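Next up, some structures in structure tokens.
The same subunit A turns up in both complexes below, where it pairs with subunit B and then with subunit C.
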Partner chain A sequence: MANTKTDEKLQKIAKDLLESGEVNLIIGYTKGSNPQRMRPVFITKPEEVVKLTFSSNAVQDLAVFLKKQEVKKYGKIGITVKGCDEKAVNALIQEYQLSRDNIKIIGMQCNGVIKQSLADKGETKVSETTVYDKCLICQEHTPVLYDFLVETEEPELSISGNVKPYAEIEKLEAMSAEEKNAYWAKEFDKCIKCYACRQACPLCFCSRCIVEKNMPQWIDTNSEEPGNAQWNLIRAYHLSGRCIGCGECERACPVNIPLMLINEKMARDVYNLFGYKSGLDINAKPVFGVFSENDFNDFIK
Partner chain B sequence: MEEKYFEISTENLKKFIDGIITDNYEVIAPTDKDGDTFYGKINKFEETNLDILLPKMSYKEYLLPKTETLFEYSISGVDTEVKDGLQNIAGANEKRVIFGGRPCDAGAGPIMEKVFNWDYKDEFFNERFKNLTIISIACEKPDNYCFCTEMQLSPESSYGSDILLKKSGDKYFAIVTGEKGLNLVKAYSNLFTETAKDKVPADKDWKKIFEVEKTKSFLDKNFEHNYFQERFLSCIGCGVCTYTCPTCHCFDIQDEGNLKEGRRIRNWDSCQFGIFTLHTSGHNPRVTQGDRYRQRLMHKFKIYSEKFDKYLCVGCGRCSRNCPEDIDIKEVAKNLAEMA
Partner chain C sequence: MEDMNVEKEKQKEGTASANTGSQSDPRLIAFVCNWCTYNGADLAGTSRMKYSDNVRVIKLPCTGRIDPLFIVEAFKKGAKGVLVSGCHPGDCHYTSGNYHSRRKYATFRDLLGYLGVDLNRVEFSWISASEGNKWVAVINEFTDKIKSLPDKTTDIFTKK
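Up next, the complex of A and B:
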């Protein structure tokens, strides 16, 4: 792969960080199993930074690795993040999972990543029909927080408005409770309880997930009704006001459950009710971690 | 039974599939759903998508459902009634055909059958497996994630298929391997023409990029090798590899119920989960994701073959295609073979 200016700058930052001992590990992207795929790479030696690269195929949210014990043991870590993924780093700091002092954020300017399902079929162009819905509503093409910024050479994503991101949400909002129930019953019926959504989520960091607690058994273990709905709904609640919208759960789901419709709807509701968006400010208190007299109270009758 | 050979035109293949559907067969085939292709029930031939290589998930669920009820109980006063789950599935799959799968998927059934009959004879698996009829289509263009040839099968292997179809111009050659397939062909004998073995085009010379015996020989000697911890640092333990795999068969037995009624079930489980080997004491022999992915490799390329003389992998490549972090098992198996 030819080294672009972006890659050169990225590699230089990583090399300096490792050589100076400011970090012990760099988490970044490297080329993957086909030309349209990238994969995570973990670099500890300055001479290995040549492996680092970035492109519109960098779909993974690398912040997921910050919750992993095997990664945490490196202590000071440098991480390559797109704007969306960077919000996960912020949320982890907000929720005391990560110390700001232990992380060097290499922010990557990004104008959208190509859906992996399309890239695998050979799609190479970034356009409003090829990127994820999250890219179409993205306000953080430049990450909100970074120690180093690598500017993009890609042209700005042009948005005509013809593609409506998360269009299904409005359809769902217009449905009756029974219709919504039927919609989600059909979707959750597909669930195979692999928990890939949880594992791919940078903010699902519980050392013991509620589905693994069996005294008592809070969530039915079966992969039918009602077990599937129980799992998907409890995850939705645990992520509301926290999800930063990276979409990794939906990308990882092997049976294509549209999980981002749930997460995006929850994020919109939290914003409308509390004026809060997750992962934008490391000094903000998580919305469900604080109480304010001005909070929405209409549900108390 | 010795293999028998037939020809069937593309047009007649459609008639054949539509015919068995009319005869109340449940036909499971690759069909487009939710922006991808999955195995699912079809109501007519037109609903199949035979242009794709492989559906996203395997058809394992028709042999080992994601949740299976083993027995149910209900208590009324002093009376307890227990119902054997086998009653629910008696004759399951008797009129079920899997159509349009590939030789890799077909190969998974007989490989899994070994472990389900090794000590305890698993009546649930056997009941489903013995009745299922599998009509596969040989691959013309495997992709870069495929490695069935390395796994002792081939894109044209008939192992595990009741009927293997090989496309040739506007017709198919049907290789019928057993009675189940032959009975179906006989029922529609007007659509098939019997032919001789030498009329069927010979299999291509499929090349291998690694020798699985070498992969095994590396695994035999290098349990503690650094490769596992380094390469699988990027594994997030999502289990997608095991859940989309046609041969991964681990399950977890659970009880659900209360004082009045309940059931014992078995659910799909995965060696990639941290809790999979967590002991009651709190000790976990597989601490890292490296330990867990190594287990998956060991089971597939070493342990199973030592016990059952078959590798527990058919080389379909689903675990690689579906891995959110792009871990490519073919590349891994090749790496290990090269280090042996």
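Up next, the complex of A and C:
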């Protein structure tokens, strides 16, 4: 729950940053409509920093706001990020969407965030059964890059191994093409093409998305097959090697398509093929921006 | 070739669908690069080599220009198989286009397979301008492979 010590430290950092003029805007979390919910808050005045808070209910990836024009116009920005969200900031810097000089990263140590569906029912304990799958495989409980670090007071997440994160991926990999097709056809059939996955994604920053390009019309815009599958396939492709696994697309999806099963699988494949993980190093070149003469060639005749 | 012509005649008379081909006479799309594979195919033609006429060649400047969207589009329009072919590694006219595309396609192929597309229907090859015989072999093999597949047209690209 809201931890006064971490909150105090966070508020002090934010206040100093705003007062000294190092940043013009702080993006952070504040208490939401009920005690189990957090919502984003945008703070421009030092006296407003008391609104800032952080807890294991802070599920949203705030890095998504960094791509918005309304936020960009503030110039220098401070942002409150968990370890996973911080990787999105790194990826944006890697892809020249953001300048390291224009951003102050307030890293929040985090030992997992509670699934919103459970939190809404009153779950308050962080444990391996209540956190998102991404938290179980998280290697960055402390953000990899930060200007200020706010340590957590939460106990470390204990992982017994009984809960298998993204267990479906292995199941799907073992299926035949027909079975996989049946699985995905059923999932994509639900898609209503609301593009919430795109809007919630910190790395979908194209000002004009492929789906909005209509000369030629690459992707059917009506919400039925095959356009649905095409949309989800192309989005997954555009994110492969880039997705940092914050899981916001899946959380935003109103019809619960398990999008992270695709994104996580692609992240694993890219790691296996090219040894690259997205968002860990701001000086690394994006995986598809470079090549090696010894890249995987077995599939080519 | 004799048999194929007979088959063709039969189709003209009746049942086969208009432009995407049937299982016995599948339509294949080959996206090829301007500098190597297209010239390889050209060599096969000028050398009077015979190869399966199921393939339709689409020439692009470089394999680096062949967006995975093109493959998706070809499947969506009803192609039974898609081939992407370009210069051998190290021979790219633009120095590194094929290296970049190799990375892209290694990943894209995984994604296609994961989403339930039969990977026998997508093929990649490096064919240089002097490899007319390789072009003939690749096309013939690919056509045979597609013909041998069960007549299953349900994948994520099919309209319900």
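Points to keep in mind about this one:
As a convention for this text, the second predicted complex is superposed on the first by the 298 of 301 C-alpha atoms of A that agree within 3 Å, B and C clash if a C-alpha of one lies under 4 Å from a C-alpha of the other, contacts with A are read in each partner's own complex, and residues count from 1 in each chain.
Criterion: a contact is a pair of C-beta atoms (placed from the backbone, for glycine too) under 8 Å apart; a residue touches a chain by one contact, two chains touch by 3 or more.
Just so it is clear, the structure is predicted and the values come from calculations on it, not from any experiment.
Superposition of the two structures on subunit A leaves subunit B and subunit C fitting side by side, clash-free.
Contacts of A:38 after superposition: subunit B is touched, whereas subunit C is not reached.
Using the contact criterion defined above for the overlaid structures, shared-chain residue A:183 touches subunit C, although it does not reach subunit B. Of the two partner chains placed around the shared chain by superposition, neither subunit B nor subunit C is touched by A:99.
Contact with subunit B, but none with subunit C, is seen for A:255 once the two complexes are overlaid on the shared chain.
Rounded to the nearest 10, the angle at the Cα centre of subunit A between the centres of subunit B and subunit C is 90 degrees. Of the two partner chains, subunit B is the only one touched by A:120; subunit C is not. Put simply, subunit B and subunit C get as close as 10 Å, counting only Cα atoms, in the superposed view. Comparing the two interfaces of subunit A, the one with subunit B and the one with subunit C have residues 224 in common. Taken together, the subunit A residues at the contact with subunit B in this complex read 32-34, 37-42, 60, 64-65, 68-71, 117, 120, 190, 192-196, 199-200, 212, 217, 220-224, 227, 248, 251-252, 254-256.
Residues 68-69, 72-73, 76, 89-90, 96, 99-100, 102-119, 123-126, 138, 152, 154-160 of subunit C are the ones touching subunit A in the complex.
Those residues of subunit A that touch subunit C in the complex are listed here as 172-173, 177-185, 188, 210, 218, 224-226, 229-230, 233-234, 236-237, 240-241, 262, 265-266, 269-270, 273-274, 287-288, 291-293, 295-297, 299-301.
Interface residues of subunit B facing subunit A in the complex, by the touch rule stated above, are 33-36, 38, 56-57, 66-67, 144-145, 229-230, 233-234, 236-240, 242-244, 252, 254, 256, 265, 267-268, 270, 273, 275, 288-290, 320-322, 324-328, 331.
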